[in-house]
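Order of writing sets the labels: A, B, C and D. Residues in every chain begin at 1.
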Amino acid sequence: MNFALLSLATPLFSGLLLLLCDRALKTGTVAFWAIVSTVVSLAAAWLALQDVVDAGTSIMLNLGGWETGLAIRLRLSSLSALLLVFTALMHLLIGLYAGLSRQGIARDYWPLSCFLHGSLAALWLSADLFNLYITLELLGLTAVAMVALSGKKAYKPAANYLILSLAASLFYLLGVALLYGRYGELDVLLLAPRTEADVITRLALLLMTTGLMLKAALWPLHLWLPPAHTSAPTAVSALLSGLVVKGPLFILWVLWSEVAPPELAQQIGPVLAIAGMIALTAGGLSAMRSPYIKTVVAYSTVAQLGYALMALGLLLTWQLPQMHIALWLFVIAHGLAKASLFLAAGEMQSSLGTRRVEGLRGATQTVPVAMFAFAVAGGSLIGLPPSGGFLAKWVLLEPLLSQPGNWPWAIGVLLGTLVSAAYIFRVVALSFDRARINPPDINPDRVGHWLALLPALMVWGMALSGEWLIQLLAGGGV
Amino acid sequence: MTLSWTTVLPVLIILSSLIPGLLIFATPEKAARRRIIINLSGIFVKLMLVALMLAGVSQGLEFSFTIAFLPGAALVLQGDALALQFIALSSVLWLMTTVYAIAYMEKSPLRSRFFGYFSLCVSATVGIALAGNMITFLLFYELLTLATFPLVVHRGTPEAMRAGRIYLAYTLGGGAMLLMGIALLHSIAGTPNFVPGGYVTSLVDGNSLSLRIAFGLMIVGLGVKAALVPLHGWLPQAMVAPAPVSALLHAVAVVKAGAFGIIRVVYDVYGIEATTLLALTQPLMWLAATTIIFASIRALQQQDIKKRLAYSTISQVSYITLGVSLVGPVAAVGAIVHLVHQGLMKITLFFCAGNFAETLGIHKIQEMDGLGQRMPWSMAAFTVGALGMIGVPPIAGFISKWYLVTGALEVNQDWVLLILAGSALLNAAYFMPLIYRGWFHAPPAGGWHENNFAGQRLETHWMLLLPPLVTALLSILVGIFAGSIFSPLGWSQFIVNREFGL
Amino acid sequence: MRPPPGTVQAKETSPVSLELLPDLILTLLLLIMAWGALYAPQRADAMTLFIAFGIVVALIWARLDAPDLALAEAAIGAGLTGVLLMHAARELPGELHQTNRTATYWGALAFAVVASLMFLAHLLYDDSLMSAGLLDAETDMTPRLRTLADAAVPESGVEHPVTAVLLNFRAWDTLLELLVLLFALSGLRQLFRDGQSSENRATSQWPESLALMSAWARVLAPLLVVTGGYLLWRGSSEPGGAFQAGSLLAAAAVILRLTGLLPPLRWSSVLLRLSVVAGALFFLVVAAATAIWGDGWLVYPVAYNGLLIITIEAIATLSIAITLSLLVIGEREDLRT
Amino acid sequence: MTAIELYLTLGVAVFLLSLHGLMTLHDPIRRLIAVNLMGAGTFLVMVSLAKRTEVPDPVLHALVVTGLVVAISATAFALRLIIAANKDDATTSEDSAQR
């Protein structure tokens, strides 16, 4: 557990220190120290993962040494350790891009990205409902602050994002208050055996789910996401889409798979799965129609979260371990693929000087590596073998197809694949058009393009570690 | 998994075209010489490795390579006899097409990209051949789509873009169907390696419905690439691509991948027994038969040479599906050997069509008058290919049709005889006018649109002329020496003996 | 017969008793103000009503025996938010989007009335909420977490239970709490990056003629500082503590800045940055120290946990005061130069 | 009908009212006020739950204090963000607002 706390404290410390000696350091050194702290945090997270794997079960820690009911309890399960490693890896990749690519990033990005990393780590580890509320709030504030990095055009969507995020947190808080009023517990593991399906618990869980769905931009409540993620700087939108929306999804999973009584989870399962399927198609269709590159990628986030929501819904309906594995494989594969997609989109946007998809004509010649990164990352979103996306979709499909009764869900997954293939290949096909090429600026930024490609290669490399990932997640995350 | 040479060889075969491909991507446009050297050296290394594996397999050695990928479904590369034949075909024709493409693409831009994707495409095809289970097959099947799409849209003109979109829509839809079929099959029977008798027979009684649906999904997925009737729409559109690409797509890579997949599914996944038990052979047979007749009739209506050749390919490839669905050993030999023969003949026809277009700017059939006098060698090769397609002995086509007919009679499917005879007539109907125009019509009074390479010793660039002549010669040799053990027929017999356990 | 400790006061016979009158008045007042704050035709009126709403809520906290909250609500809810709203009123006088008034009026009224009636009926007659365990008369409603907290207060190093919970039992929440303030401030700093001119001053120079204003500020500010210090010191045994003290000090800073007595606090000065970051940094250092040398993350050594809590609280108050005042009146000069 | 039930209902009523406000109002500052009212409603519910016993529950009070600080910091940031977002186009409407 100490390594996990180290992995949590390092970014917070470095964020605070960077803010403290803000004037003394040049931007280069700020970036350097931020990346060093991410590397240290990644190493600590990896060691924490080894600890959990050796220990076999999840490791608990009562903060402050008080007894179990009173103190805030941190839980390091195999899932949260894996998510710690994933968060650190994403921050490292995107940090490298932000640091080395010519597009550059505002100086304040670095302390904010350390803070974001710290709050996400606190979220993965916490097993206390109110503590989760505060980590959600931390996440929301840093995300909005980072969206505001790109200047005035981002203020309006950022303000809207913040207002909705505050409202969502209050929904969640009211739910926590009702649960505390009813059961007198705030700790997730103590609440789990005691909850029954009565009016107050139903109301509380409904409130909390609405709040979390709004924060995670899950289908009916996703309207704030595209403007916010499009107007943010490239590196920031990669972080937001790849990581920040996953925090509330994690809490939604904790809520329904542990806190809620099983019969309530059984009832909400199909509803979430259907919402996921609709998100898949609705998000995909609007991604196909939108004329701007970054909006396509933003709507694809909404669509791909539909996959995760469907996996969560089916997990709650049937309690199958494969669904659990599929859910978290989706989260990780989507995170890496989306980061690469956004970085590639940002690179192409700055090299070709256009925000529209039409401007990408002939991109395979003018910015070949960036377009290759876009295509490879898109391949993982669609789920072409041997990418991480394919791994997740395969594990999801297997139980669906075993009983004929579940085939409609499989058709939903098929629909999702076709829709995501449509909006990815709409962009990729356009880039092969040599008739009306959009000429790039004098020397496109090679380093930036290769760094955009890095996460995509990683998501395709996931196939090699597929077996290990699946075996790690098989523990059910408890 | 011990790393002996028998396990590493399959990987080396794939890498022998993958690595040159990546290197070619990196070579700048101007460095033509370096690109040619890398390309040709890659081809020769692959041919050496294939020969090595050929020798090994004939001595009964086992070549297989596995990596853990999914729970219960590893990535397996298996070098068995069926795979080897397809690899041998694709390597030889890759050599021919590369030589041809070097001359054909001399003036056009983006050759590094072209040859890069070219070799990626061949490594995907070899991967399909070597795939040891359905998951690996799916992996290379999807990679083939991604590798061939840039070739189809290589010219980047609006028509090429339109053809590319249609191609993507069909192949990605097919890929998704194939994935669902494989996933459904995996949930029933898991994904063990390919086994000659198939691994599904014991499970037939329990879940026959889902097995039928899985088979249907897989055939639809594979049918897109094998251009079975309702799913053939993309093939004629893809004629917009440059000649070497249409040659490669039709004779070697995409179309054959689909047919090869059907062979694998029927023989090594379901097995003869299970397919007959589930009564799946009848619908497959009707589908193949309708494709043969329908495509031949459509070919008659085409005015453009390449479009006509495209429809002829659709009908010819369905011979393989027909042979497979006849489920008799003799018909199986006919189907597997036709895989090779059709490859050789069709690539000759496309090379010649490319020559006519490149040298004299001829695209329509009416413009073929008097070609025999201006380009006698190309016209001769074209005639050999066309006659082979019709089934005139001793060219290769006759042998596969012969085995298909005897196979059909052996399993007393007499109506198949009518189909094959009808198709032979139709072949004659749409090929004879071209040959007649070429040899017996006077050249056009006003001369041809273009007249490149006029007045030189050879009728056109030597690298454009050599490949069709070699493949035409091969078609004849393969026909004449069909009896010997080393001919495609002998090798197919060896495969079928192993498949049917004779 | 006194009701046994821990159970709800026995329900009187008549649904509404005289003793409930002040609560009824406050409830009615609050509902009207809430409705006005939302749907008042002029936005300026809505803002003033919202500030009044803050005051009434502070009264309700006091009525519900929550002195800590009453203090915090009055200082933060009504005070600082009021200054912010006034600043917003001056900056954006025009209403940005004209919502069609009539529809929202009646819609809101109908919605609120129906909702409250439904809930009230639910409460009085259906009693399911009662039996649902939220307000069960029979069963002992004290939460288990609360009983553990009460039992552990003696060893927590402070007497006042709320401060014990805030700074010892759930110290991790408070640490993250300080970070929330810090993140909000670093977010605010992004708004002044592209160097607009200084006309976006939160505190445009008030006419000096308002001598009364500056005189009053000179009297009030020290008073606020003293009360803040008192609240901080008494926090360990009486209602009070870091947040309330911090917000009072912030109020003092705001008054001084509004009357121009407080010069802009330069972000470039290390002192300012140190004080902003000190609260969270010190707490994190203490946590790390207890993890490395002590016997666990945030496990205060029993010998001087009271002293440790007081130091943490003092530094936290300083950084809360500075951060809150910067949040409210921070300008380009403060945050960017 | 005790004081706690009354304030509990009041809390829920304010929450519902401000939720309706959040959905129907379009002006960002009014929506921010609606969110603040929603916060006040939630805290009202929490404090009335705390008052169910003779000595009010300190844990809930601590939670509400934390909630209050979160509310003020987020509102301050949101408000300044709204001002910065609409400042320039506000100047155009400044002359229209010269009453």
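One rule holds in what follows: contacts are C-beta pairs under 8 Å (C-beta built on N, C-alpha and C of every residue); 3 or more make two chains touch, one makes a residue touch a chain.
Since we're looking at a predicted model, the values are computed, not measured.
Undergrad: What is the minimum number of touch steps required to go from subunit B to subunit C?
TA: 2
Undergrad: Please state whether C-D or A-C has more C-beta contact pairs across its interface.
TA: More C-beta contacts join the chains of C-D.
Undergrad: Quick check: how many Å separate the C-alpha centres of subunit C and subunit D?
TA: 11
Undergrad: Roughly how far is subunit A from subunit C, going centre to centre by Cα mean, in whole Å?
TA: 32
Undergrad: Taking each chain's centre as the mean position of its Cα atoms, how many Å separate subunit A from subunit B?
TA: Chain centroid spacing, subunit A to subunit B, equals 43 Å.
Undergrad: How far is the middle of subunit A from the middle of subunit D, if each middle is the mean of its Cα atoms, in Å?
TA: Result: the chain centres lie 29 Å from each other.
Undergrad: Could you list the positions in subunit B whose residues touch two or more of the other chains?
TA: none
Undergrad: Two or more other chains touching the same residue: where does that happen in subunit C?
TA: 134, 142-143, 145-146, 149, 170, 173, 177, 180, 184, 187, 191
Undergrad: List, in ascending order, every residue of subunit D touching at least 2 other chains.
TA: Where subunit D meets two or more other chains at a single residue, that happens at 28, 49, 52, 59, 66, 70-71, 73-75, 77, 81-82, 84, 86.
Undergrad: What graph shape do the protein chains here make by touch: line, ring, star, complete or other?
TA: Per interface graph, the chains form some other shape.
Undergrad: Give every touching pair of chains, nothing left out.
TA: Pairwise, the chains that meet the contact rule are A-B, A-C, A-D, C-D.
Undergrad: Show me the residue ranges of subunit C that touch subunit D in the complex, using the header's touch definition.
TA: That would be residues 5-9, 11-12, 15-17, 20, 23-24, 27, 30-31, 34-35, 37-39, 43, 46-47, 50, 53-54, 57, 60-61, 63-66, 68-69, 72-73, 76-77, 80-81, 84-85, 87-88, 91-97, 99, 103-104, 107-108, 111-112, 115-116, 119-120, 123-124, 134-135, 141-143, 145-146, 149-150, 161-162, 164-166, 170, 173-174, 177, 180-181, 184-185, 187-188, 191, 196, 200, 241, 243, 247, 320, 323-324, 327-328, 330 of subunit C.
Undergrad: With touch defined as at the start, can you tell me which subunit D residues reach subunit A in the complex?
TA: 15, 19, 22, 28, 31-32, 35, 38-39, 41-42, 45-46, 49, 52, 59-60, 63, 66-67, 70-71, 73-75, 77-78, 81-82, 84-86, 88
Undergrad: Could you please specify the touching residues of subunit A with respect to subunit D in the complex?
TA: That would be residues 130, 134, 137, 140-141, 144-145, 148, 152, 155-156, 158-160, 162-163, 166-167, 169-170, 173-174, 177-178, 180-181, 186 of subunit A.
Undergrad: Which positions of subunit A touch subunit C when the two form their complex?
TA: Going by the criterion above, the answer is residues 2, 5, 9, 12-13, 16-17, 19-23, 61, 63-67, 69-72, 106, 108, 111-112, 115, 118-119, 122, 130-131, 134-135, 137-138, 141-142, 144-145, 148-149, 151-152, 155, 178, 180-186, 198-200.
Undergrad: Mind pulling up the subunit C residues that touch subunit A in the complex?
TA: Contacts found on subunit C: 128-129, 132-134, 142-146, 148-149, 152, 168-173, 176-177, 179-180, 182-184, 186-187, 189-191, 193-194, 267-268, 270, 273-274, 276-277, 280-281, 284, 287-288, 291, 295-300.
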